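Take a look at the following structure, please.
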Amino acid sequence: MAKVNIKPLADRVLIEPMAAETKTASGLYIPDTAKEKPQKGKVVAVGPGTKDDLVTVKIGDTVLYGKYAGTELKLEGTDFLMMRESDILAII
Amino acid sequence: MAKVNIKPLADRVLIEPMAAETKTASGLYIPDTAKEKPQKGKVVAVGPGTKDDLVTVKIGDTVLYGKYAGTELKLEGTDFLMMRESDILAII
Amino acid sequence: MAKVNIKPLADRVLIEPMAAETKTASGLYIPDTAKEKPQKGKVVAVGPGTKDDLVTVKIGDTVLYGKYAGTELKLEGTDFLMMRESDILAII
Amino acid sequence: MAKVNIKPLADRVLIEPMAAETKTASGLYIPDTAKEKPQKGKVVAVGPGTKDDLVTVKIGDTVLYGKYAGTELKLEGTDFLMMRESDILAII
Amino acid sequence: MAKVNIKPLADRVLIEPMAAETKTASGLYIPDTAKEKPQKGKVVAVGPGTKDDLVTVKIGDTVLYGKYAGTELKLEGTDFLMMRESDILAII
Amino acid sequence: MAKVNIKPLADRVLIEPMAAETKTASGLYIPDTAKEKPQKGKVVAVGPGTKDDLVTVKIGDTVLYGKYAGTELKLEGTDFLMMRESDILAII
Amino acid sequence: MAKVNIKPLADRVLIEPMAAETKTASGLYIPDTAKEKPQKGKVVAVGPGTKDDLVTVKIGDTVLYGKYAGTELKLEGTDFLMMRESDILAII
């Protein structure tokens, strides 16, 4: 997991997307061009939350999120996604 | 019912869609291409709810939901739908 | 009135649409193709309501609703409409 | 004024539109095709109101409403408009 | 100022638009086709207001309003504008 | 600063736009056609505010506002902008 | 950091964008035309906040913000961005 020195504001959460699977459920390898955009990631930083929007995920949690959730950010050469906790679907 | 290790956030509910009927009400078999997208499913995981959005369905409930409700998620080779409880129409 | 084993969620109401009139006000019979989509129905199931959206109609009430209100649902071979109580115009 | 046996829900009001004027202010008769859609009507039924939307018009009031306000309803051969009280502009 | 027997509902205000200026600031007369749509008018009737929308203008006030504010109403041969007080910009 | 006899309603503020700069930061004069629409102005009248929208600017303040903020008003030959205080960006 | 004499209103924050990187992560220099629009900046002025929108960033903080956040303002020859604190993603 990447280490970043960043303090998200409000109920924002910084996520490091995890690489998409390169094997299908049936064990077949899929070529690069067929890979789906990843929807799974590690929480690397969380905001303090607000009165109305509490933050319940923790650093290190693996989370699922929608395909178009969040804003892409590049920090020290690594791609991250910054999103509100309400855009996170579940902890797995 | 599929078992999944997942904790939906807020008032989200994870649903395993049930196979569409292959017989019409009058007993006729319908070919695959005519099947309607299923609108019935089993609840397999529920979020903790929020102050404003309580979760009232329980794991194991069979529920009805609108045709375009929820976000599709593939977990361990099975297709699920993640939706807010407010997108669920009824328990049957 | 159809009997259904279903528990609508929140302030939802399940309605069995009533057949459109086949006679005009002046007593003329109208052919099938001219029939208006029905806007009258019987309440067959009601949700528990929520803090903000109380349910005031009762099972058995005949209600009027707008032409495009609700979501169509087929249960045991019968067509129903599921709508929020706020989509019901009046009890007649 | 038409008599109808109907109970509008919430803050809805049932209005019987009044015939459009067939004379202009200067006394000229206007042909049928030039008549404006009526914007004046009689209140024939009122809902109980809600906590947030009180109903202040009374049965028998003559009211003004915007050209496209309300939903058209035909009851026992008569055309009515069902609208929320907030769509009524004034009592005259 | 026109006299009308009308009771606006809620926070609505009835305004009699004032004729557009036919002279420019520099004293030149402008032809009819160049006149701007009037944005100034006299308040002729006010509603009782609501808990959330108080009415602060008074009958007789001259007010300014945006070019497209309000609904046009013709009463006894005179054109009026019915608008919410929040559409009135200022008293002059 | 122009003097106007006008009472804005609610949280509205009347602003007299200030002339756009005719010199660039580097001291070059710019032709009329290149001038940006002014975004700076003097407050000439303020409304009383509302319970939810307090007015904090004062008559005489020089303020900055977005390029398309407010409604243009011509009073006694002078062009003004009427806007809600929330459209004002800052006092300078 | 630029010094400006400006008081943002409400929860607005004035930011001086920082120059985009001219080196890629792998150390290659990139030509001017390939530079991304900067998304990093220094806070140079903050508003007092409102009851609902507190301001938590401080003058001097380096912040990240979305690509299209804020309104561009030119003050004394320098380009700034004025945005609401809710448009700021994080402090770095």
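In this document, chain identifiers A, B, C, D, E, F and G correspond to the written order of the chains, with residue numbering beginning at 1 in each.
Going forward, contacts are C-beta pairs under 8 Å (C-beta built on N, C-alpha and C of every residue); 3 or more make two chains touch, one makes a residue touch a chain.
Note that the coordinates shown come from a computational prediction; the quantities given were computed from them, not determined experimentally.
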Chain-contact steps, minimal, separating chain E from chain B: 3
Averaged-CA centre spacing for the pair chain D and chain C, given as whole angstrom: 24
Whole-Å separation of chain centres (CA-atom averages), chain B against chain G: 44
Separation of mean Cα positions, chain F and chain B [Å, integer]: 54
Residues of chain C whose C-beta touches two or more other chains: none
Ring walk, chain D to chain E and onward: D, E, F, G, A, B, C
Touching residues (chain side chain D, partner chain E) in the complex: 25-26, 39, 56-57, 64, 66, 85-86, 88-92
Residue ranges of chain F touching chain E (in the complex, touch as defined): 5-10, 12, 14, 45, 47, 71, 73-77, 82
